[in-house]
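Look at the two complexes coming up: subunit A is in both, with subunit B in one and subunit C in the other.
This part shows the complex of A and B:
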């Protein structure tokens, strides 16, 4: 029989064992649980951050849509107020972004107007304080700050992570780049040295195959970069790309090669409003597909608005507050100070500003402009296989009239003179003198008649004596081909700038593109295609062999907007690349073709549509540089595009 | 008085008790041992998860706020050279995109200060700029030679080549010289607000099983670093998505918990694969040193 003390010992032993085991288990559980909770906190915080970032992205899109869709003039100019914006911003539904388990927004996300120093303005009526400071008053930036706070579980209770991002609406110009390309495919295959001394924006895929190419500044693209010819190019396969020769260090900064960038806006116009036939790669389908004659691609900026028949909405007219004087349009024809219309009988009608009533032929403005214009001469454009009936503009005459105040800045509020020139004649000019429409080639030096010719339909504008531009700034726009003859905006019509006379280029200290201390006024030349004729050009030689068209070095200091003929399948159907963005017609044979300015390839050419393979020229030594003066002051007639950007990301 | 049967029973009882307690002890020992292993594995796994995730979050905060794309580096601990990455044959499972070859370091330009207000007018040829570095009375950033300033209004990116006046809280206007002229006229800086953001090159590297952060990856200061995490066993955790350099850094960070994990408990190694993107787009500065 057991005694009491024996039973107690066993019980104690069992209890001790149980206590020890329980303690051990409890300690294990506690340590494990605490550790799991600590690790869980990190996981939950990461989930909260990811969720907050996703919400911020949704809020950004809500903000952007709110900003681009307002119609109130003050809101468009100065930005939405906090109270107006509050009605547009909401937390995404779980169907859009489902919050992770146990993670939630502290409150609805907010977007508040801010100063440029990112100080949030809390008053309901507050609008952003604009950042400004340059000579160009349209160059402003508006700041908003978005805040998203997210709760996530921690060991005891909840913690919060707060993400702040600035949203920015900035006024940017396509001329902030040396090259702005809106087409889906961009090719750079120069057959002679080509130096691009400015940033390049490629709004699609980039093809670079030649080792002659030298990008000296930042290059971004939206699609991909291929070190070869595009598939449609007859050189692929078969012609090996030379760009890998010596590595890529001689083609661009090895620390900053061409890279994928963010989309830059061309105009303050949504691409959704444009006919897609005119925005794609092929020019073969450039026909209206939606019955709207006013949305046929960015070529519209050099066309007049169609007002007769079924036209549809004009997407280039959405913002009446583009100009400082709150008038104007993104359609350059409507934004010009003078519209010069040449009829089939070569009569000249001139409209001032937005007036639909022609100027009287006795008015000082008409007389001044008419004196600067010569009609019904021609040159042979070998590439277009036609004699081009020209309107010749003596720029020096325009400068004299503009600087004297005879020609006025009627649209744009002080942005300079914009001249729109259009020849309304169409088709064959006729072959007989009796028709009155026959055109003629004259000797550019003597003015003597060389021969009478027939233009099959090509029309153009030729700019002569453009060495010195109107001081206020000067833009020439035409829906036809534009030919720049000789030095442009260099400071003299007779003296060569150092960029023409230099025996060599040092790309870190280039010879000056101007004569003396000439200050280049902001300027642009805009056309269906833009051609450069050298200082040695003579119309009389235009239909002679290439050996009779020998160039001399020439400098063009202006922004150029033009179209091209995209590459098509088949030999000789290469677009010519950006090296032929401006078209040449002479035997340059390595002579300098210098451009200080900016270039924008926005559309397919609709008149000068023959492929590059038909051209007759010898490649120049291209030295093309960005002119920073264009950033400080936009060329007449152009406006800012409103860019929406995500700014600084801050975690709290 | 004890009986025989009582004595015999006591012996058997002792044997049985001994056996029972031995069995129980062995069971307890086995339970404790197994539990300890499982707990250690669990703790090690949790800790390694914690290790790589906290490291990733720290990198994420820096990369998200970067002012530039990310460039791969080959780091030896004393020398740092750019690594031009070609595309590898591997696909990132998160994005489905091809990743580049791998490296053991990255460099980028971190946001070091700003926005600060331009406080002196400039001409297009100006190479000397003046900013108020203490808008709230406290100088939070002092410019140094080699830093970059970005003036967003005109998208100008300039390198600081000399410090002319160091800002202090008592004299917040700092003045410095930049490499090339600004190219713009900035007028009426007393009424207009024009801002600048400042960037300093930074880097992450993996050396000696350490994930290192180099906050001032400039000149001789490149070798100065802080340790973000020890126990990193992936020798080349960094790659890029897309072309080099890229706005999307891809890391494959392996962390081995050497302290929490005994040799027999090989459960503490964690590999975290993640893509971290630069959030400021377009990135305001490039990677030119």
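This part shows the complex of A and C:
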């Protein structure tokens, strides 16, 4: 039997236990309630962030549409003002994005002009601060900062999260790389040393198999990389690649071998608007398959728009306000300041700008250009297997007229002089004078007649005395083959640049490609095929054996856009690779062929279609470098592709 | 004695030059940036001719006469023929073309009738810097209208090389173009 003292102790123990348990339960309830509140706050905040991000996406699209559709030249060049932009930006309706329960925008989203360091500029009239490092308005990056503030519930009332994100408009072009290739297959198999001192963008599969090749900068491809010949190449199987240690010996930087990269969309025209026959690997099917003669691959940029017969829409007319001067075609014929048209009878008609009315033959512009042109001479092109009838352009004469203001920059808003040269008798199969095919080879030095010949229909443009270009910049475009004869854009027609005279020129050497302090104007040469003739070239020798066509070192400082003839299945068939992106016709025997510029292989050749295996030349020592001047300014006639991007978002 | 030795040595030294082109085709290759490009070789004295005719053409003959048959065409042929230089020269183009017609008939099928002179083409190609001269004709044979062209290159002091292209009228222009283009790919090597 228990006594009273024992009963009291038990009661105390029970009470103590109950108090302890109660306290524990209370603590647990408190912690749970706090956790519930915190979890709820976190969920609400996450919902608010997601909502804010979605709103910013909508605002980005509003901003992009506003920037694209601007028609005022100043706004296009320098970007919209804050006040102008404010009328274009609004909160999305609930039908577009419904806000979660209890979550809402604090105020309408804003997009403000900013500096390159993303400091917001609040004045209503403010535009983005200019980025330093470029002198060219089409390339300058323009920065804006978008802001969205979102309310969300917390335990006692509401809280706010602010989301900021940068919007950037920039300009890129095909000349951002040394090599830009749009074709499905790209091969580099030089038979002599070849140094590529610029980034290379391969828009398909990459094949390399030779230790002669030295990539000195970043190389990206979209498809696959194979250190061998492609299957269609007769060397595979059978000829082992000579590319030891997987190229890590000296083909490329051990820390930066060719690697898969992202797609570069450097032409605005979309590939899905093009006839696929002209975008695939084969050139054998390069015939119109959709009834639209205006979408036959990127070769269209060197063609005039077809306006007669059944044509279809022109995908190269992509944006009526693409350029600062509100012209909007990627056809170089449409962007040319002068179009020179040579007829079968060798008469010359010249159109200024986009005018359909020819210049009067007494006008100063006509007289100046006509004086720079010689018609009806020819060279023998062994690879093309024809006497190519030429329009010879004396570039020094064009420079004189351009610098004096006689020739004017009529299209492009101050981008320099662009000449489009076309011979309407191209492809004629006639054999008479009337068909335009009877022509003559003359001695380039003396002008003496060497022989009268009959062309099979091949036409070309030969650029001579191109050492010094028009100061404003100079582009020559032709739908035919273009032959660059001698040093180009080096600063002199008589004095050799160090790149020609260097006695030893390895991968680390970088002798100047210009004479003295000559500043290279932006320039490009664009054709169905582009050929390089050395300083020693004479048309009279073109009809002689290779041993009579011996080159001397030559430097070409220009961007080059051209086509090639892709590898076909068959013995000895090979495209010639990118090493023959420019075509050679002389016995170079290791002499230097230096290019400072950029190269873009955008299409199959449609006139100069004979395969590389028919060529007659000895390989040069190729030293090809990217000209960084091109990253600041496009050659005349070319637009940039406007790129709209949004940066990372930040929270406040 | 000494006076006889020098002419003798000269004859020995120049003997290869006096040997004519032999149109017997020999398969070979030429090297272009490390790639062996298939060619057809002919011997020409001490030298070797490399030629790149279309790979789908079948060849027949040799010596002084080689015939090539384009596989995609019927009743079409391309002939290379080495003939005495004097016999190769066409007569002057008189208004009635009578002599010219007689001359060309020696290169045409025996049943050729209604032979018509079409035109002369000035140097559509050259070999070793020697210009060619092309004459085009039309004629009727086996109830079909044919065209033929004869290009003459006075390549050697005693012989001329003839390129004859024959095809039915509708096929002629393309075949002629192909044949003439191939002549741009002749090169001589020692």
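Things to note:
Assume the second predicted complex is superposed on the first by the 456 of 652 C-alpha atoms of A that agree within 3 Å, B and C clash if a C-alpha of one lies under 4 Å from a C-alpha of the other, contacts with A are read in each partner's own complex, and residues count from 1 in each chain.
Here is the rule we go by: a contact is a pair of C-beta atoms (placed from the backbone, for glycine too) under 8 Å apart; a residue touches a chain by one contact, two chains touch by 3 or more.
Just so it is clear, the model here is predicted, and its values are computed rather than measured.
By the touch criterion defined above, A:49 lies against subunit B but remains apart from subunit C after alignment on the C-alpha atoms of chain A. By the touch criterion stated above, A:631 is placed in contact with subunit B alone, subunit C being left untouched.
Put simply, more of the residues of subunit A are touched by B, taking subunit B and subunit C as the two choices. In the overlay built on the shared chain, the residue A:253 is in contact with subunit B alone; subunit C does not reach it. By the touch criterion stated above, A:610 is placed in contact with subunit C alone, subunit B being left untouched. Looking at the shared chain after the overlay, A:117 reaches subunit B, while subunit C stays out of its contact range.
Touch criterion met: A:438 reaches subunit C, while subunit B stays clear of it.
On subunit A, the patch touched by subunit B and the patch touched by subunit C do not overlap at any residue. Taken together, the subunit A residues at the contact with subunit C in this complex read 189-192, 210, 234-235, 380, 382, 385-386, 429, 431-432, 438, 451-454, 456, 543-546, 570-572, 574, 579-580, 610, 612-616, 619. Interface residues of subunit C, counted against subunit A in their complex, comprise 29, 32-38, 52, 55, 119, 121-124, 126, 128-129, 131, 134, 173, 177, 180-182, 184-185, 187-188. The residues of subunit A lying in touch with subunit B in their complex are 1, 13, 17, 21, 24-25, 28, 31-32, 35-36, 38-39, 42-43, 45-46, 49, 115-118, 129-135, 139-141, 165, 168, 170, 172, 176, 218, 220, 225, 253-262, 628-629, 631-632, 645-651.
Within the complex, the subunit B residues that touch subunit A are 6, 21, 24, 28, 31-32, 35-36, 39, 42-43, 46-47, 49-50, 53-54, 56-57, 60-61, 64-65, 69, 71, 82, 84, 111, 115-118, 124, 135, 152-155, 183-189, 192-195, 197, 242-247, 279-282, 286-289.
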